[in-house]
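Order of writing sets the labels: A, B and C. Residues in every chain begin at 1.
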Amino acid sequence: MSQKPKKLIDNKGIRTDGRKLDELKPIKIQVDVLANADGSAYVEQGKTKVLAAVYGPHEAHPRHLAQPDRAVFRCRYHMAPFSVEERKRPAPSRREIELSKVIRQAIDPSVFLEYYPRTLIDLFMEVLQADGGTRCTSITAASLALADAGVPMRDMVAACAAGKVEEHLVLDLNDTEDKEGTADVPIAFMPNMNAVTLLQMDGMLTIEEFEQVVNLAIGGCKKIHALQKEALKAKYVTVKEEEEEG
Amino acid sequence: MPIFYEKRQLVTPGDLIAEGDYIAGDNTYKEDNKFYATRVGLVDHGDHRLSVVALKAFYIPSVGDLVIGKVVEVGFSGWSLDINAPYIAMLRASDAFDRPFKTQRDDLTSIFDVGDLILCKIVAYDRTRDPLVTVREPGLGKITRGQVTEVTPTKIPRVIGRKGSMIGMVKHETDCQITIGQNGLIVVKGKNPEDERLAIIAIRKIEQEAHTSGLTDRVTEMLQKEKGGVENVSET
Amino acid sequence: MTSSIVAATVKKKQIAQLISLGKRLDGRGLTDYREIQIEPGVIERAEGSARVRLGKTEVMAGVKIETGEPFPDVPNAGVLTVNAELVPLASPTFEPGPPDEDAIELARVVDRGIRESKAIDLEKLCVVPGKKVFVVFVDVYVLNHDGNLIDASVMAALTALLNTKLFNYEVEDGEIKKKPGYTRLPMTNHPIAVTFAEIKDTLIMDPSLEEEQVMDARLTVTLEKDGKICAMQKGGSGYFTQEQILEAVKAAKEKTEELRKIVVGG
């Protein structure tokens, strides 16, 4: 009755958006994009666009949110109503609430929270356009915004997903691959400590496949980590260059 | 015992600066025998000490610092000041009065009200309590005139310059009184708004180009050019 | 009588010290589960139900079946909805109110295990394609929190689904008419979750509340009956190394086989 669905990966191993199996979506990063925030970053990964902003550390209001021995993150992952195919209602969905929590827990280990007891650090991520991998792009952007704000960190956190689509193991799934594929494993990684700070999975994978997918995702994270550093340096290098010309 | 970066090279959080027997200075941390940067900034090392001069960081109170705070709340026994730090500073009422004060009789808002800018000094700060400030020393108190500008606190030393050379030059060229808070707030008081504007432009330029060299000369040149333009206009 | 979630420093040290010797506060080994008690069908009014006790953690799951419209992109399948309540009476730290991030995370992790393993044959729940399907509501109700709510909830949800009765029916003029008798809810898989806590670089299974209060991070691995992974969730503010994750996944596979026998039987 239903038509045979178009293949997501052709027999040359090329995906619907022209990428190879282990190729990241094209990434564009800018830091310090919002004037009011203490730190901010904008990341485009393929068609996914995320804006992240940091306010703080500042005194905790309401007081009961504060911890006596460390700073506390208040994270909000949110999708703009126009970010998806069918308009999404602005109120936080259960998915956004869960993702706000796992993203916060992915960022927590990277910051020296113990330096600022009794304070709050607000971290806002807005998905302006969604095409798969939004929680990963959000984590990448959040880490950049924190560095831009001058919050002391152990390492940058880079995030990337890998999974299984039509018998192939692929890196950085787009929205169609995520919806129609067999498995999706988003991972956030801090290379200095070989630390996986976000790990989720849905779908079905054998243990061997899972091991390979994790390797693939971590490889993607390392590449994104290098791009993060470049982007942070680029802000200051440009000023230096302008200086030397003028 | 290798150091992987030269002085004044740019590093980002998590960059491995060195491995070996060193001391972890500002904006670095040690894990096993490795030293990493915690902020974006320029590497500095010497005397077995590694540090990063952060290009952007917020102010952390230090006892003895002169800061400029804004009153955000007037309470029963004192004022709460926003000193551009993660913590609100407290100024006790007893500190501002020469005599013991009575909460019913004395109206604190008549001394300092919400929105006032106060030049004060940090007298106490530890991790378990908010910082405490005083206005008891001469020169401290409410700022009544002038223009305020803000720079990121890590650049304050650059604004001041070696032995005050940079800020001294700006004061001289613009004929302004300039009060610098370690927390990044700067008040400029000049003979007229135009002089104040020049001083502020100079401060902005210093902040933007803090990581470059030859800055003092360039700022002096810029100020003289700007002033030259104004003088030409007034002559005709 | 404490309502504080701050664990005493002395206790933290005690737990960490014991764990480095391969032991736990209650004498268990690192991969031992607490005593598991499963009671199916405890709520007769529900179409399916179960109460699970995992040590002192107590979770009840109830299944209600209703009819409704299918999702537009899957017109031939029934609908599954999982909700979880951290009922205030279960812990001094649970406040009344709509589900918070912990309750939502719990529901979604339980949901993922059931959904991705295709535990329920949702296509058999289609009545009139594109128009009418059965909607399966799984409500997880935490009654006492002594750690490891996820594993207990997955076991409770699975048990409840396994004893869920679907009334017999026929379709007349596009409407459902009940007929006498029942069938079992069509189930094709039995997902089981194993949760680890990481304390001082050591992984322990089935953490108690005290252990959760001092842990660095948490990892849940859900496997379906043929040993494939169908859901994973890292929790907590710490991290795992790649090696630890692989170690956990392999240990989880073994453990789920043991646990599945308890829940599903032989």
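Operating definition for what follows: a contact is a pair of C-beta atoms (placed from the backbone, for glycine too) under 8 Å apart; a residue touches a chain by one contact, two chains touch by 3 or more.
This structure is a prediction, so every number in the text was calculated from the model and none was measured.
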Contact network partition after chain A is left out of the picture: B | C
item	value
Chain whose Cα centroid lies at the greatest distance from that of chain C	B
Chain nearest the global centroid, as defined over all protein CA atoms shown	A
Distance from chain B to chain A - Cα centre to Cα centre, in angstrom	34
For chain B paired with chain C, centre-to-centre distance based on mean C-alpha positions, whole Å	54
Interchain centroid distance [CA atoms averaged], chain A/chain C, Å	27
Per-residue overlap in chain C, given as positions that touch at least 2 other chains	none
Contacts with two or more other chains, residues of chain A listed in rising order	190, 193
Contact footprint of chain B on chain A as seen in their complex	38-39, 56-59, 68, 71, 112, 116-119, 147-150, 152-156, 190-193, 228-229, 232-233, 236-237, 239-240, 243
Of chain B, residues touching chain A in the complex	10, 12-16, 27, 29, 31, 36, 38-40, 54-58, 86-88, 127-128, 152, 154, 208-209, 211-212
Residues on chain C engaged by chain A in the complex (per definition of touch)	99, 101-102, 104-105, 107-108, 112, 115-117, 219, 224, 227-242, 245-246, 249-250, 253
Residues on chain A engaged by chain C in the complex (per definition of touch)	94-95, 97-98, 100-102, 105, 108-109, 185, 190, 193-207, 210-211, 214-215, 218
